[in-house]
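Encoded as C-alpha cells, the structure appears first; notes follow it.
In order of appearance the chains are A, B and C, and numbering begins at 1 in each one.
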Amino acid sequence: MVWLQYVLDAIGTGALYALMTLGLALVFSVMGLMNFAYGQLIMIGGFTMIMLRDQPWFVLIAGTILAVVLVSVLMERLAFRPVRHASAMTMLITSFALAQFLQQAARVAFGANPKPLKQFDGLSKQYELGSLRISTMSIVTLVVTIIVLVSLALLLRRTNIGIQLRASTEDVEMAALVGIKSNRVIAAAFVISGTIAAIVAMLFFSSRTNVSWSSGESIVLIAFVGSVIGGLGSMVGAALGGFLMGFVYTMLNALLPMELRVFADAFLYLLVIVVLLIRPAGLVAAKGVRV
Amino acid sequence: MGNSVSTWSRWAWLTGLLVAPLIVLTVLVVVLNDISLVQRGATALILMVVVIGLHVFSGNSGVISFGTVAFAMIAAYTSALITIPAAQKPSLFPSMPGFLSWILDFSVPVPLGILIAVAFTAFIAFLVGIPLVRLSGLAAGIGTLAFLVVVTVIVTKWKSVTRGESTMVGVPKETTIWWALAGAILAIAIAAMYQMTRRGRRLIATREDDKASMAIGISIPVERLWGWVFGCSIAALGGALYGHYIATFSASTFGFALTFFTLAMLVIGGLGSLSGAVIGVLAVQILSEFLRTIETQGLGPIPQIEAPGLTEMVLALIMLLVLILRPQGLTAGREVTDWIHRRKPSQAPVAAEQSDVEVDA
Amino acid sequence: MSLLELRGVRIAYGQAIAVQGLDLHLDEGEFVSLIGHNGVGKSSTVKAISGLVKPTAGTITFDGQEIQGHDPGATLRLGVAVVPEGRHIFTRLTVRENLTVGATVRKDRAEVTASYEEMVGRFPVLGKYSERMAGLLSGGEQQQLAIARALMSKPKLLLLDEPSLGLAPQIVDQVFELLVELRGQGTTILLVEQNAAQAIRVSDRYYLMRTGGVIEAQGQGGENADVASIGSAYLHMGKD
C-alpha cells in the first residue's frame, strides 16, 4: 500500500516536469535550440509572483504570464535570432551564456538572499483516501497540466499558427517553400513556451517558501534530460519523457535504501547517459530536427 | 623527412610564441613582489591549464563538453587524498570505507601525488570516454553535463571519502606560481604537439567534415577518444595543481561556475585555436580583475558598485555579444603562427598533408 | 517577354560548382522540360529559382522581376510554386491541412475554401482521405497531394522536380497525364526530370543538361519529337 502512496506523490511531480519539458521541446522542435535559459524564465516567474503578491489572484496570474512571455520573446529576438543558423555548438553555448547572464543579473538586481513568497494555505491541505494521502497541490498540478496539454493540442490542431508550427517542426525547408514565415512561427513557439514556463513557475513556487536568483537551475536540468529521453521533435515524446523523469526521480528517492538515497540524483543522470547511448536515435530520427 | 622538420619547427614556433609572454609576465609579477598579484597570476596560469584541456577536446573535435571540469575535480580530490599527511587523515576521514582504508596509512610527496592523480583521472577519462565519444552535438552537451552532475553528486554525497559538502582541508599547499607556469607550459606544449601531428589532425578533420573524414578511413569515435583522454588529462593536471594551490576546496569549486568560466574564456578567445585558449584566459582574467576592482573599491571615476554577481553578469554578457556578433572570438580560430606564416586557419594542415593521412589509413 | 528567364546563372556550394552559367527561358502557357542525368545540376537550378539557394552570379527574372536570392516565401508570393523532389508532404498533417497550408501566402482567405473544393474535385482521392494523416497515403497519392498543394497558392508557374521518382510506371503515366491536363488548362509548367523520353513527349520544348548545368541541347517537344536522336545523345552523355 505504501507503494501506491509513492506513486501518487510521483504523479504530481511527473505532471509538473511533463509541462516543463513540453515548453522546452516546443522551441527545440521549431529551431533546433535547447534553451538553457528556460530555468531562468521560471525564476523570473517566481520573482514576478513576489512583486505582485498583494494583487488579486487574477492579476497575479496574468502579470506573471505577461512578464515571462515578454522575457521569452525578447530572448528569442535578441539572443537567439542572430545565431539561428549557426552550428549546434554555438547555439548551445549561446543559450548557456544567456542562462548565466540572466541568473547573475537577477543576483545583482535582487540580491543574493532568497526572497520569501506568500503562502497559499489552501494548497497545502491534504485529502485522505483510505490510507492514502493526496495533497491539494498534486491535484491542482495534475488538473492544470491536463488543461494545458489539451489547450496546446487544440492550438496545434485547430489554429492556423498551430498548423504552421507543426509543419515547421516536421520539415523546415518545405515550410519555407509554402511560404510559412519562420520568424512568425518561432516567435509563436517562444510565446507558448513562455506561457508554459509561467504556469510551471506558479505551480512550482506555490509549494515553496522562497525564490532566489539560482532558482530554476536544477529543475530545468531534469527537463532537458526528459526531452532528450522522450525524443525531441515530438511533443508527446517530450511530455512523456518529462513525466518519466519526474516520476522516476520521486520513486528513486522513495525506494532506494537509506544509504543510497542521497545518490538518487546520480542514479538518475547515469540513467540518462545510458539512454542517450542506447537511443540517440530519439534525437536524430525526428524529421526536421537538427542535432 | 621534410615534413617532420617543418612540423617540429612549427611546433616550436607556436609553443614558443605562446609561452614566451607567459614567462615574461610571470617573472614580472614575481619581481614586483605583490602578493595578491602573484595570487592572481598563479590562478590565471592554472585556469589556463584547464582551459587548454577543454580546447584539446572540444576545440579540435567541434564537440561540446560540459563535463571536462569534472576531471579537474576528480584529480584535485585524488591528489588531496594521497598527499595529506597520514597523521591527519584519521580525523579528517573518520569513516573511510574498508576497501579504501589503505589510503589512510600513507602519503606521498605532492609532485608524485599530482602525477598519480593525473594518471588515475586519465584512466577514468578513458573509461568514461568510450561511451561518451559516440555522442555529438546536443547529445554530447547533455551527456557530458549529466556526467558532471553525476560526479558532483558522488563527491558531495560520499561523505566518508570526500568529506561531502564540507571543504577538503589539510591539503598540502605547495603549488607556487612557478609550478603553475610549468603546468601551463607543459599544457601548451602537449596541446600544440597533439594538434600538429597526425593524430590531432585526424580529429580536426572530423570537425571540418565528418563524412569526408570517414571516407578516408578516419574513425570518429577513436579520434575523439584520443582527444578526450588528452584533454581531460590536461584539465586534470590543472585541477590537481589548483587543489594544492588553494588548499581548501569542495565540489562547488569545480562545478557549474568553473564550467561557465572556462567555456567563456574559450569562446572569447576563439574556438578551435590553442592561441585562442591562451589569449582568452588572459583577456578574461584582465577583465574580471577590472570588474572585481569595481566591485570592491571602485576604479578611477567609477564608484564602487558592491554587487555580487556583477563580474559574472558582465562576463556572461560579453560572452553573449561575442557569440552573436563575432562568434569566431578574438582569434577567429587561427593560431598566432598563422599570422606570422600568413596561412589560412587550421584547415590548411589537413589539406596539405592529406597524403600522410592516406598512408596511415 | 518571357515569364521566367535565367541568364548566366552560376551556382556553387563552397568550392564545388554545380551550375556554371545557365541560360534558359519559359514563356507563359508553355510546358518546358529540363532533362538530364542525376547530379548534373537540375535540382540546384530548381532550388535557385525557388529561392532556397542563392546563385553566385547571374539573374533569374520572373514576370519582369528579379527573384534570385529572394527567400522562398517571397518567390511564392510572386507566383512560383514548387513541387520539390521527394514530394515533401507534411506526413504529420492531414491531407486537408496539407492543402490549406499550401495556400498560406494567399491574401483572399475566403476564396481558399473554394480552392480546396476545386482541388478535391480534381483529385477525388484527396477528398476521400481528407482527414487522414498524409503520411499514410501511397506514393502516387502523395504526388497528387504535393501537386494539389502547390496549386492551392494559385501560381503562375508550377515547378516540378523529379515527380516520377520512386513511383511505379502506371502511376508515373497518371502523373504525366495530370500535367498534360494542367497544361491544357493554361498552367505554365517547368518540369525537371530524369525520365527524358516521357518528359519530352508531353512538353512544348526541352533543355538537355549535362554536368555543370551546361545545356547540351534544346529543341521542340511533343509526340513527334525526335526522341531517338535525343536518346542517344542522352545515353552517351553519362556523367562526365
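Assume contacts are C-beta pairs under 8 Å (C-beta built on N, C-alpha and C of every residue); 3 or more make two chains touch, one makes a residue touch a chain.
Every value quoted in this text rests on a predicted model; they were computed, and no experiment measured them.
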| item | value |
| --- | --- |
| Chain whose averaged C-alpha position falls nearest the assembly-wide average | A |
| Farthest chain relative to subunit C (centres taken as mean CA coordinates) | B |
| Interchain centroid distance [CA atoms averaged], subunit A/subunit B, Å | 32 |
| Distance between chain centroids, defined by C-alpha means - subunit B, subunit C (Å) | 53 |
| Distance from the mean Cα position of subunit C to that of subunit A, given in whole angstrom | 42 |
| Residues of subunit A touching at least two other chains | none |
| Complex contact set, residues of subunit A against subunit B | 34, 79, 82-83, 86-90, 92-94, 96-98, 100-101, 104-105, 107-108, 112, 213, 217, 221, 224-225, 228, 232, 262-263, 265-266, 269-270, 272-273, 276-277, 280, 283, 290-291 |
| Of subunit B, residues touching subunit A in the complex | 58, 62-64, 66, 131-132, 134-139, 141-143, 145-147, 149-150, 153-154, 157, 256, 260, 263-264, 267, 271, 307-310, 312-313, 316-317, 319-320, 323-325, 327 |
| Residue ranges of subunit A in contact with subunit C within the complex | 163-164, 166-167, 170-171, 173-174, 176-181, 287 |
| Residues of subunit C defined as touching subunit A within the complex | 50, 52, 71-73, 76-77, 82, 84, 88, 90-93, 97, 100-102, 104-105, 149, 153 |
